[in-house]
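Several structures are given next for inspection.
Next come two complexes, and both contain subunit A; in the first it sits with subunit B, in the second with subunit C.
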Partner chain A sequence: MTSPGSAVDSLSAAIKCNIIPNQEYLLQGSVLDQYVEVLLHRLRGLCDNVDSGPESFNDHELCFTLRGNTPNSSMVLPLRVRRALDVPDAPWQLRYVGQHELGDKNRPTAVRSSIDMACSSTIVEFLTELGCRVDFEYIARGYMFRKGRMKITVSKIFKMGSMASKPNESVEPISQSYLVELSVLAPSGQDAIAEDMRIFAEQLKPLVQLEKIDYKRLAHIQ
Partner chain B sequence: MGVTVVQNFPITENRTGPSTIELLTKRISALGAIQQGHFLVDCETYTSVPQLGNPRTVHILHNSEQPATVFSILETENKTIPLATDGLFDLLMIKMANFYTSKKQTKAESKGPRYEIGDFLVKLGTVTVSQNFKGVLVEVEYRPCVVPAMCWELMREFLQGFLGSTAQSAPPLYLQNRMQDIYSPIDTIHQYLEQFTIYRKAPGLRT
Partner chain C sequence: MSYNSNSVNISVEAPIENQIQEITYDGTEIYQPPLTLSESLAKFAQKIDFSKSNELDIKKDTDEAFEDNKSDSDSKDAFQSSLWPWDSVRSKLRSALQEVCVLADVLAIAKEKRYLVLDPVQQEAVETKPMVQIYARKKALAGAANVLLTGAERLKTSQNEILRNRQTPDFHIELLRLRQNWRLKKVSNSIIGDLSYRTAGSKFFQSGMFEVTKAEEEEKTSSPPSSPAPGIAQVSKSNSSLRVTVPSELQGVAYIEVLCQKDQEDLCSVNLNLLGSGPPTANPEVHWQQKLEAAQNVLFCKELFNQLAKEAVQLQAPIPHMVVGNQIMATVLPGIQLVIGLCHSATADKKNQQTAPAPSKSDHDHVLEHSLHQLLREVHHKNTHHPFPHPSSAPLGPSKKRYLAGPMAADRHELLEMTHTETLLEQIIKQAQHFFMRMRTEYVLDTIAKEVKDPLISSHWNTLNSPTQSCVKINISTHGYDAVCRTPLVIHVGEKSLKCICRDGKVMHMSYEPQELRDLIFCHINQHQILAVQALAKTMGWQFLGNSNHLGLGSVEPLGNASSCLLGSPNGDRVIAVRCEPQSGVQVSVAHSPRTDFFPSRLVTERKWEHLGGQFRDVRLEKMEGRNFLHKMELLMASLTSNS
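== the complex of A and B ==
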């Protein structure tokens, strides 16, 4: 009979063996509302969950940051909380997403560090009291497909608006298009998966153009 | 998962930690308990940096009974908020190092043998605070029931059976306001934190 090791020791061991999926490989794109059915049809044909059909979701996401209250403080920790509106009993999801790294031209996907975990529904109160502030929130509704380790989501993003006060009222979409994301969560250094993603993205052209999106460039457009 | 009670077992002057555990082991074995592995509950405490404004404390606890879960208890001036997450929360605490720092001298743990005896689970814990021996914690779980009020009397009788007169006659403070509620693993964590806080404040051994 061996004594249980401390949780922190087993976590350090897991880090050492590099088995923690803490890198997200990501490609993003969008498709106009009127063409989404064509894309969904194509995905249905390409992906693994052919028989069961795509899984639908209706999620509420809150984006928090934890930052010092001194001006120009460079210490910022972004945290996201997601919950399924259609499955109220499901655990909530807490996620840290790090800097979006595009790498050089030869790198097929963007990579960002990610720590993803299930949590109890006390998370919003916990983060608020911890010192986090909500930056923005939205509702994402759509479909999720799988292809091996790859995850493909096609989601419509809605403004929260008056959702809190009038929960039954229909929410307002932020655009006339759907966000398409192709991602894999893997331990660091598994760059081969990025190549698989590039090949898969090729198969979705010209319905949707999945790219490494440079967020800095988007900031200039606004 | 049933109802759990955690209580301190005072160490008398002529005994050491190991001899106290040995004494309790003898008593519980005489009742027919069978050892089923070991257990470990640990607690690390983090405090907010001044730049974050009002001081807050986050206690991070692990319990080998729920090995895939990290329990956190956040204490602010007027609120206590519990949180249960997957194991990766420990990794997130490292990311928070700029905002919350751990007081290394306060790492507390209770570990030792775990026994099964009928419907009860008994754990005899040696408590250390930053590696210094502080005392003995006895955890008893009555597994068929989830409402404390419905099994407290039975548990008290069982506790008295092997702890003798040192068994508490009243439920732990934390449970007293929750006797009619459904018991869950976070309630055990609260009791451990309550005990660890007392051990940390005690200058030497807790008697």
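== the complex of A and C ==
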């Protein structure tokens, strides 16, 4: 058996060798409710093995933030906890998602660092004990597709109702549209996949405009 | 003018009928508004042709001048006309100048807008006769339609003519059909297709490119006179305008041959041949669909064999697998080899194959060949059908089991186990092993059922089984006494072992040796006999005095132990002893405890001692009446009971 010290060494070696998929290449867009069927139809035509129909999902996500100890420190660490409501035996997922890096115009997709792991349901208590606060929560329902390494999710975001204990009931949609995301989790430096994503996004063009969204600009608009 | 007194004044005026501008769908007519006074004035003024009156004036002027000239001098007439050849031109220019000047003046005044206003004048609509127009249009359209129809007819006939002459479908239609079933793309000037299983999940290195070209017409037209004999080939050749060129390594026919061999000696004499006469592939001009399917099959077989060979080299088996040429040999069970061969006959060496007398080994196992195909297809399927992650933000790659490893705190050993997957070769060896186990079990059960007649042995194979597991239920019963006693057994046939669940719930594990099963069944036959006798005794009113399943007396048995039981008659004067041995069969002895006659001897002086039990005497069962052992026992018991 290997000693713990060498395990840490091998982990750091793995990080150095860029074999850990910790970069998420992301394109986002949205489609109105009345056209989502058309989009799903198109995706069924484009994606891999959808002979058994599109895979649906129903996830509940809690966003926690961990703030620095000193009152004037501005460091905020966002952590996301997600669980599948429709697959009760699936593990929960804890995920850290970093800042969007939009890059210049030549870069086809946004890139953000992403570290995720499966965990048990006690993660919420654990994070609360750590001092994390629930920032917001929502429910995402929709369909996911895959094309090679690419994952495409078409999801509707629901606001949580007053009954937090029963997340399946009393939810209301946030908008009249579906969120469409095209993402690939890859080790850093694999920019070729971004080009593939751009080509795939081109094929969905008239239905949904998948782009790298600048969140800061969105904040300015509001 | 005079009017009669009775005459009536008739005023004639234009009807107030305005022009209809529009008729709406409900029939109401919308009239044009009547012209106002100024508008009608303008309209009338427009009708005046000023140029005409001008011309008349000028004509008059010239006529007058002409007459004047005539009267003045007739002699000068010719001369003057020659003197003023430009006279008419001059006058025309002058009048033009005048008009332009007037126009300029008018424009100048009109610009002032004080004395003169220019009004647009509506052009009077040209009177149209709708019916006439319709007829005209109809006629014109009919003419055009005729032209088109005759043109279409001519095209159709010419097309039919071509079709009748060529007998080959159109290249583009053929191409369309090809496109519906195969992947094609255009690379510069050529059409390249792909028949590999890559889109279905294959990761085989060899590509399945093929090229599609147009079949030449000249070749066909020239070949019939030169070779009249192969007429049939000509027909099949001429019904395609496509030519598909498959790389040479994918040509021909291939299949995977699976043989199971018993002896080492046989191994050397194995030669792989095409089964039977082989499909008729010598004809190079088969239809492209068959050609491509055959090529695809070749590719699939190659991938399968390649994978198996790779695994055979890598696998660490107690008896190493051998890969020689296009054969893989693996030991399934001691003395039994599984030979997997790749048979690929290209069209060129097909003739050699046919000339050689093919001593085809017909023990090719179609079931195992089929399962090999199935296994590779399963691998392909798994390559493309990854399960979706839940929740949806989880990564796509890792399996659900591995994703759960974190929360379930899996250790290194478990993680290593997750990475291990069973290879195709291992799976097919297991299937072959099971196949042999099943065959052996069947054989053992059948031979025992044939050998042993007395208790009947019936076996029921479950119809539902997997490639590596099946189950058989065995019933041991005696004819006519099924209700009295039956011994059920269940045997699970695995890959290298058998599991038997006995009547009393005991589980016995056995190896692949058939003798073990045979012994077990014989032990159970004995047990059945003893138990059946006991059950029969109960129904006959006899007493069950004692039994032993493992008797320590008598000669040592080669397998198992002898079992015995003692039965007492209802009034206790007779005892039957039964001893069952797996090897030598059943022995029955009878003892009469008070003998019917008593002769005092020196040792036994009184009659009462006779109750202690007497000597056992053997019953010669084979001489007895009765269909089987239990029947004989029933008769014996009955006779002994009635005697007392």
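Operating definition for what follows: the second predicted complex is superposed on the first by the 206 of 222 C-alpha atoms of A that agree within 3 Å, B and C clash if a C-alpha of one lies under 4 Å from a C-alpha of the other, contacts with A are read in each partner's own complex, and residues count from 1 in each chain.
The working rule: a residue touches a chain if its C-beta (ideal position, glycine included) is under 8 Å from a C-beta of that chain, and two chains touch if they have at least 3 such contacts.
The model shown is predicted, which means the values in this text are computed figures rather than measured ones.
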{"item": "Partner chain in contact with A:A90 - subunit B first, subunit C second, else both or neither", "value": "second"}
{"item": "Which superposed partner A:L130 touches (first subunit B, second subunit C, both, neither)", "value": "first"}
{"item": "First, second, both or neither for A:R146, with subunit B first and subunit C second", "value": "second"}
{"item": "Touching partner for A:A118 - first (subunit B), second (subunit C), both, neither", "value": "both"}
{"item": "Which of subunit B and subunit C A:S155 touches, first, second, both or neither", "value": "second"}
{"item": "Shared subunit A contacts, counted only where both subunit B and subunit C touch the same residue", "value": "1, 116-120"}
{"item": "Footprint of subunit B on subunit A - complex, ascending", "value": "1-8, 11, 15, 20, 22, 66, 68-70, 73, 75, 77, 94, 96, 115-120, 122-123, 125-126, 129-131"}
{"item": "Subunit A contact footprint on subunit B (complex, rising order)", "value": "35, 37-40, 42, 44, 48-49, 51-53, 56, 58, 62, 64, 67, 70, 72, 74, 76, 79, 81-92, 95-96, 98-99, 109, 111"}
{"item": "Footprint of subunit A on subunit C - complex, ascending", "value": "384-386, 388, 390-397, 400, 403-407, 412"}
{"item": "Contact set on subunit A toward subunit C in their complex", "value": "1, 21, 48-49, 55, 57, 59, 61, 80, 82-84, 86-87, 90-93, 95, 116-120, 140, 142, 144, 146, 149, 151, 153, 155, 185"}
